[in-house]
Amino acid sequence: MTDSVLMAEMTWPEFEARVAAGAPVFLPVGATEQHGPHLPLGVDVFLPSHVAASVAAEVGGIVAPCIPYGYKSQPRSGGGQAFPGTTSLSAHTLSLVIKDVVHDLGLHGARRFVILNGHFENAWPAVEGLDLGIRELRRDGIDGVTALRLEYWDFVKRETLDRLFPDGFPGTDLEHASLLETSLMLAIRPDLVRMDRIPNDGPADFPTYDRTPVWPDRVPPSGVLARAQGSTAEKGQWLLDDHVPLIAAAVRAEFGL
Amino acid sequence: MTDSVLMAEMTWPEFEARVAAGAPVFLPVGATEQHGPHLPLGVDVFLPSHVAASVAAEVGGIVAPCIPYGYKSQPRSGGGQAFPGTTSLSAHTLSLVIKDVVHDLGLHGARRFVILNGHFENAWPAVEGLDLGIRELRRDGIDGVTALRLEYWDFVKRETLDRLFPDGFPGTDLEHASLLETSLMLAIRPDLVRMDRIPNDGPADFPTYDRTPVWPDRVPPSGVLARAQGSTAEKGQWLLDDHVPLIAAAVRAEFGL
Amino acid sequence: MTDSVLMAEMTWPEFEARVAAGAPVFLPVGATEQHGPHLPLGVDVFLPSHVAASVAAEVGGIVAPCIPYGYKSQPRSGGGQAFPGTTSLSAHTLSLVIKDVVHDLGLHGARRFVILNGHFENAWPAVEGLDLGIRELRRDGIDGVTALRLEYWDFVKRETLDRLFPDGFPGTDLEHASLLETSLMLAIRPDLVRMDRIPNDGPADFPTYDRTPVWPDRVPPSGVLARAQGSTAEKGQWLLDDHVPLIAAAVRAEFGL
Amino acid sequence: MTDSVLMAEMTWPEFEARVAAGAPVFLPVGATEQHGPHLPLGVDVFLPSHVAASVAAEVGGIVAPCIPYGYKSQPRSGGGQAFPGTTSLSAHTLSLVIKDVVHDLGLHGARRFVILNGHFENAWPAVEGLDLGIRELRRDGIDGVTALRLEYWDFVKRETLDRLFPDGFPGTDLEHASLLETSLMLAIRPDLVRMDRIPNDGPADFPTYDRTPVWPDRVPPSGVLARAQGSTAEKGQWLLDDHVPLIAAAVRAEFGL
Amino acid sequence: MTDSVLMAEMTWPEFEARVAAGAPVFLPVGATEQHGPHLPLGVDVFLPSHVAASVAAEVGGIVAPCIPYGYKSQPRSGGGQAFPGTTSLSAHTLSLVIKDVVHDLGLHGARRFVILNGHFENAWPAVEGLDLGIRELRRDGIDGVTALRLEYWDFVKRETLDRLFPDGFPGTDLEHASLLETSLMLAIRPDLVRMDRIPNDGPADFPTYDRTPVWPDRVPPSGVLARAQGSTAEKGQWLLDDHVPLIAAAVRAEFGL
Amino acid sequence: MTDSVLMAEMTWPEFEARVAAGAPVFLPVGATEQHGPHLPLGVDVFLPSHVAASVAAEVGGIVAPCIPYGYKSQPRSGGGQAFPGTTSLSAHTLSLVIKDVVHDLGLHGARRFVILNGHFENAWPAVEGLDLGIRELRRDGIDGVTALRLEYWDFVKRETLDRLFPDGFPGTDLEHASLLETSLMLAIRPDLVRMDRIPNDGPADFPTYDRTPVWPDRVPPSGVLARAQGSTAEKGQWLLDDHVPLIAAAVRAEFGL
C-alpha cells in the first residue's frame, strides 16, 4: 500500500505525511468521449492517469483521482457531442470541480500542484478552475501554492514526432483517436484496442472556424479525425519515453525536487 | 472488450448498441475521504464501483465512470473535512456534475438510470442533481426517463446485520471505516487493507445534532467512527451476497428486465 | 415588545443589545408542503417556529424569521413535489438563503447560531448553507462563530416514542402528516386541524431506494405516509415536553449558558 | 380553516380547489430591516402580509408565505446594511427564491400571480425572479400565466398624501420608518410601536447618487430617514383604506374577477 | 494618445501612472435597446459614454469601456424586451460583469470609482455588482475603495427641467426615447437622429404596477413612451450643461479633487 | 444612418428589417488588456470591431456591440493579469454574457451568427457561451440557428505570413502586441500607436505549460511577447486584405449569401 502513488490507495496518515514532505499532487483531468470504433470511451482517462502515475513515481508525487468527465467535445478536435457515449460537463461545472478539489487539497497542506490534462477541450476550464481554487485558497489565508498546468502531449521531442509522422505531423487537434492515442493505448491497455476496427474514413478536413450545427459531412462518421493506421505499441512507448521524463523534468525543475 | 460492463472500456458503437437495447446505466457516486489508518482514501470509490459492476454484469447494464469526489464529509458520518486527504465538492458542484452527466447520457439515448451512491453525504446532492438532469432532459424533449437512486448499503437483509452485529447494529452513520467497509474492502481489495493499523479509539459518541466547529473530542482521532475489529473478507462477502442480488432484483423489477 | 423572542418584533437597538450580550440566534427552516387533507400546508413552518420560540424563551435567545419555503419534497418522506401546494426551493437556492442570512447575522455580531430544521428534506441544504455562510464570515475576518444544526424531532426520549407507538415507531421518514405532526399541531394550532378528514389510505410502503418518476401507487393519495389516527393534543404536548427542554439543554451546554 | 386566505393555513385539497377555480396567488416579498428605534425589524413583513391578506379576502385570493428576507438595504432608502439586524439576501438569491416559488406554484396550476412588494429594494430582484420563473414555466410547457408586480405604497390617492403631508410629500425613498410606515404599524400592530422612542435626528439629506462606503454623517443614527412624528393609527387607516381597495381594483380589472 | 481619457486608448503604463496618481475611474453602464423609430439602438451607450468622457476630462479621470448590454428593458420604462433589437443581460450576468470589472480595476490600483449609468433598468444590477466587487476586493485585502454610483439624468437643475417642460416634467421613467434623449442625441450625434420619423403614438399611460405579459395596448407601438417632438440640439446642450458640471462637482467633492 | 452596419446606429425597425431579411449578426468579442508600451489597452476591441464591420459591409451583415471585457489574460499568450489595466471577466461571466446576447438576438429573429473573437483567451468561454445560448433558444422553441465562431487571425494566407515573417512565424500565441497587432493598429488607428515606445525586451520564451504564480522572469516586462519592430501600416493592410475577404468568403459560403 505505501508504495502506491495513488491517493485513492493511501490512508489519510500516509497522504498527510507525503504532503507534509512536499510531495507534488497530480490531478489528471480526463473525459468520457468517443474515440472511434477501435478505442474505448475512456481513453482520455486511461492516458493521463497512466502518465501522471508514471511521473509521480519518478518524482515522489501523489496522483489524485482523475476527473473522469471533461468539457464538451468539439467537432474540430474530438468529433463533437453528438457521438453516443460522449458525456461531458459544462465549462462552469468542470471549473467548479477543479476549484473545489484544488481548494480542499490546499487546505490539507498541498502546496505543489500539477493539473495534468488528457482531453484537449479541458484546457481552458482547467485554467479557470485552477485560478478560482488558488484565489479562494488565498482568501483562506493560504498563499504559497505553486501550480503547473499542462497537456501531456506537449511533452514530446520534435524528432519523435518526425519519426512518427514522416510525412508531417497533422497537429494536435486532429490527433483524436488517431496514431498517437491508438499507439499509446496499445502500449498501456492493448486489451482495449481493436485494431481490426480501425476505420478509413478520415482524415477530417476542417476550416479554421467552428460551426453550429456542425457540418453534416466534415466529421468522419467513425469519429477518428486523422489516421490510426500504423499504430503500434512500440510507437506508443516512444511517446511515453518522451512524455514521462520530460514532464518529470519540468516538475523537478519547477519544484526544486 | 465487448464483455466489459464499464462504459470506459466500450467503444462508442458498443455503447450505442447497448443503450439502444435498453441497458440501464449505473452511475456510481463516490468520494475521496479518510477511512481511518487502515483503509485507503478511495474506499467510497472502490466499493460502489465494485457493486455497480457486479450488478451491471447480472442485469446487462453499463457502468459509467464513478464520480470520485463527493460531498463534504460530515463529522457525524465521515469524520469531517478536517482529516487530511478528505477532498470534497460543494453540494452545488456535485449536483451540477450529476446533472450534466445524466443530461448527456439521456441525450445519447439512455432512459434507465441507477445512481448508485457509495458515500453517505452524497445522498442529497445526488437527489438534486438527478432531479435537475431529468428536468433539463424534459425541456430538451426527452421524457421517458426512469431513474433509481440508492445507497448500496441499504440492500442488506436483517439477518445479515444480525449475524454481523450480534450485539446490535450501530447504524449506518457510524459505520464509517468500521466493520462493514473494512470487511467489504477485505473482500474486494485486501491488498489495500492494513489490519495491523485498525485503531481502538472509537466508537464515536455523537449527540443528535451537528456542531460547527466540530467538538474537539467527539470524533475519534483515527477517523474510525465505530469499530473495525473483527472485520474479515468472509463478512465482506456476506454483504456483497446481499448487496448485489438485492440491487439486481430491484433493478430488474423496476425496469422489467 | 421587549419581551418578545422574535427578531421581527424587536427594534434594531434591542436586537443589537441582545446579540452583544451573547444571545443565540435561532433560524427555523421550514417548508410549504402538503400534509394530508387534515393538516395545513404550513405545518413545517408552524412547528419549528413554535419550538424555536419556546426554546429561545428558555435560553434567552432570538428567533430570526422562519424560512418558509424548503427543499423539494421527496416521495419517500414527504409525498413528493406533485401534491398541489408543495412549493419548494432548489437545493442551491435554499443553501444560498441560509448562507446569506447566517452571513449577515454574523456581520451584525451574532456568534451563536441554532439552525432549527422543521422539514426533513432541508437537512442537507441547511448543512451546506451553514457551511458556506461560516466560510464567508471567516473570509470577512469573523472567526468565533459556533453553530448548532438540528432537526427538532430528534430531541425525543425513547420512552416517549414507546408511549406514542406501542407497536413500534415507524421511523422519522414516514412520520409525515402522521401521528407526530398531527398531535403537535393539535397542541399548538388545533384550529388548523381537521380531525374528520384524517385519511385511511396509508401507511406507505416504500422500498429502500428512490424512483423517478415516483411509483404510481406507493404514495398514499392523501399524502399521509403513516397513520394520523389517534393523534391528540396531549400526545403533542408529550412531544413538546421533550423537544423544548432537550433542545434547550443542548443549547445551554454547547454555549455555556 | 377553510375561510383563511393564507396558503399556510389551507390543506392541499383546499389549495388545489381554489387554484383550479382561478384564485390569484399573492406572494408578499418582505425584509428584515432596521426601522428605527420605535419600529420592529419585521415592518416590511407585517405590512405587505397584512395588505396582501386584506386584498386577497376581497378578491378571493390566496396568500403564499411572505418571503421574510429581502434585498440589501440601501443607505438612501433604508439606512443601509450596517444597522444591526438588517439581514438581507443577495440579489441573485432573492431572485432565485422568487423564481422557484413562482415556478412551483405554476406547476401546481396557479396562473394568476400578484407579487406584492413591501421593501423598496426588493423591486428589481422581484422583477428578475418573476421573469425567470415565468420563462422556466414556459419551458415546462405552461404558458397562460399572468402576473402583476407592485409596491403596495404606490396605491395611494394624491389627496391622501396631501392630507398626510400638508407641507409636501418627501417621496417614497425617504419614507423609511417614517410617517407612513409608523402610522400603518399603529393601525395593524400597535403593540409593536414605541411612540416614546421616535427619534428626532432626521430627515436625511441625500444627494442624487450612491456612495460606498456610505457617508459617515448623512444617514441619521436612528435609521429613520424622514420624520415619524405625528404618526397615528388613524393615518395608517387612511392609507390602508387606499391600499387595499386600489390594489383589489387593479387585481379585479386585470384578472377579470 | 496621452490626452485621451479613454482607458481603451491608453497604454498600460499610462493607465498605471494615472491610477497611481488617484485618477477616478468611470465605468459607464449602457444598453442596447429600442429607442423609437428615430433614435438608434445605442442611445444608452452613446449618452453615458459622452457624459463620462466629458466629466473625466474635467476631473482628470479615466473612462473604462462602456458595458454595452444592460438589464432587461421594462415595459414601463423602456418599452420592454419585445422590441426587435433590445438585447439584454440577465440581472445576475450584468452584476457579475460589474463585479469582475470593479474587482480587476481595484487589483490594479484603482480606488475611486464612478459607476455612471445610462439605462434606467441597470440601476439595481449595478448596485449589486458594485457591492459584490467591493466585497471581493476586501477579501483580497484591498480596503480603501470609494465608489459613487449614479444615473446621469439625475444631475439636472429644476429650472432646466422647467425650461424643457413648461407643462410639467413627466418623470424619468417615461422619458424613454423622448424629449431628453432625443435632444441629447441631437447635441452629440445628430447624424444618428431621424427627426422625420418621430412618432406621435404616445405618451404611454401606465398604471402603478407591472404586468406580465405586458398589456397589449399600453406600450406605444413606436416604443417612444412620452413625446420627442420639440427636441433640439440646443435643449440637449442645456442638459449637458447641467449633467457634466454637476457630476464633476460631485466627483470633486467626494474625492477631494 | 441606414448605411451603417453597426447595430448601435440602427433604429429598431431598421434592425428588424435586416434581421428578417436574413442578415448575419456579427458579435465581436474583445478585451481590455495590456498591449505593451506602444499600443493601447483597447487593441482587442479595435481590431475585431474593425474586421467585423468590414466583413459585415461586404456581406450585408449587422455588427452587434463588441463585448469590451474578455477572459483573463494568460501569461503565455497575453502577459497575464498582473499588468495594470488588464481588466477581465471570469470564464463563467463571459460565457453568460455571450449566452444572454445570443439568446436575445435569437428571440428577435436573428438566425445567423458570427462570433468574431479578437482576444486569444476568449475562444473557449465563447464556445461555451454560444453553446448555452443556442441550447436555451432551442428550449424556447427556436431551432434554425446557424452560428460560426472564429478568431479573425486564423484567416490569413500562408504566403502572407511568409512575407511578414521571412524567418518563420513564431505562432499566434506569442503574437501579442507584436508585429501583427502593431501593424494592424498602424493600418486602422495609427493615432494610437507610439512607434517610439516599441520595446526590445522580448521575445518571451515559454515552456509548454502554465505556471501559477507566473515565472518572475519569463514574461518580458513590457508585455510584448514577440517583436513589434518592423511593424508598418502596409503590413497591417496585407493582413486586412486577407482577414476581411477570407472571413467574408466563409460567411457567404456557410450562409449561402
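Order of writing sets the labels: A, B, C, D, E and F. Residues in every chain begin at 1.
Rule of thumb we're sticking to: a contact is a pair of C-beta atoms (placed from the backbone, for glycine too) under 8 Å apart; a residue touches a chain by one contact, two chains touch by 3 or more.
Keep in mind it's a predicted model, so treat the numbers as computed, not measured.
Shared contact partners of chain B and chain C are A, D.
Note: centroid distance chain C to chain F, computed from Cα atoms, is 54 Å.
Centre-to-centre separation of chain A and chain C, using mean CA positions: 47 Å.
Averaging Cα coordinates per chain places chain C and chain D 26 Å apart. With touch defined as above, residues shared between interfaces to two or more other chains in chain F number as follows: 90, 92, 139. Those chain pairs judged to touch are A-B, A-C, A-E, A-F, B-C, B-D, B-F, C-D, C-E, D-E, D-F, E-F.
Interface of chain F with chain D (complex): residues 139-140.
If you check the complex, the residues on chain B that touch chain D are 135, 138-139. The touching residues of chain A, when paired with chain F in their complex, are 71-72, 74, 90-92, 95, 121, 123-125, 127-128, 130-132, 134, 145-151, 154-155, 207-213, 250, 254.
By the touch criterion given at the top, residues 1, 6-13, 15-16, 19, 32, 34-42, 45-46, 64-69, 81, 83-90, 92-93, 96-97, 99-101, 104-105, 107-109, 191-192, 194, 197, 223 of chain E touch chain F in their complex.
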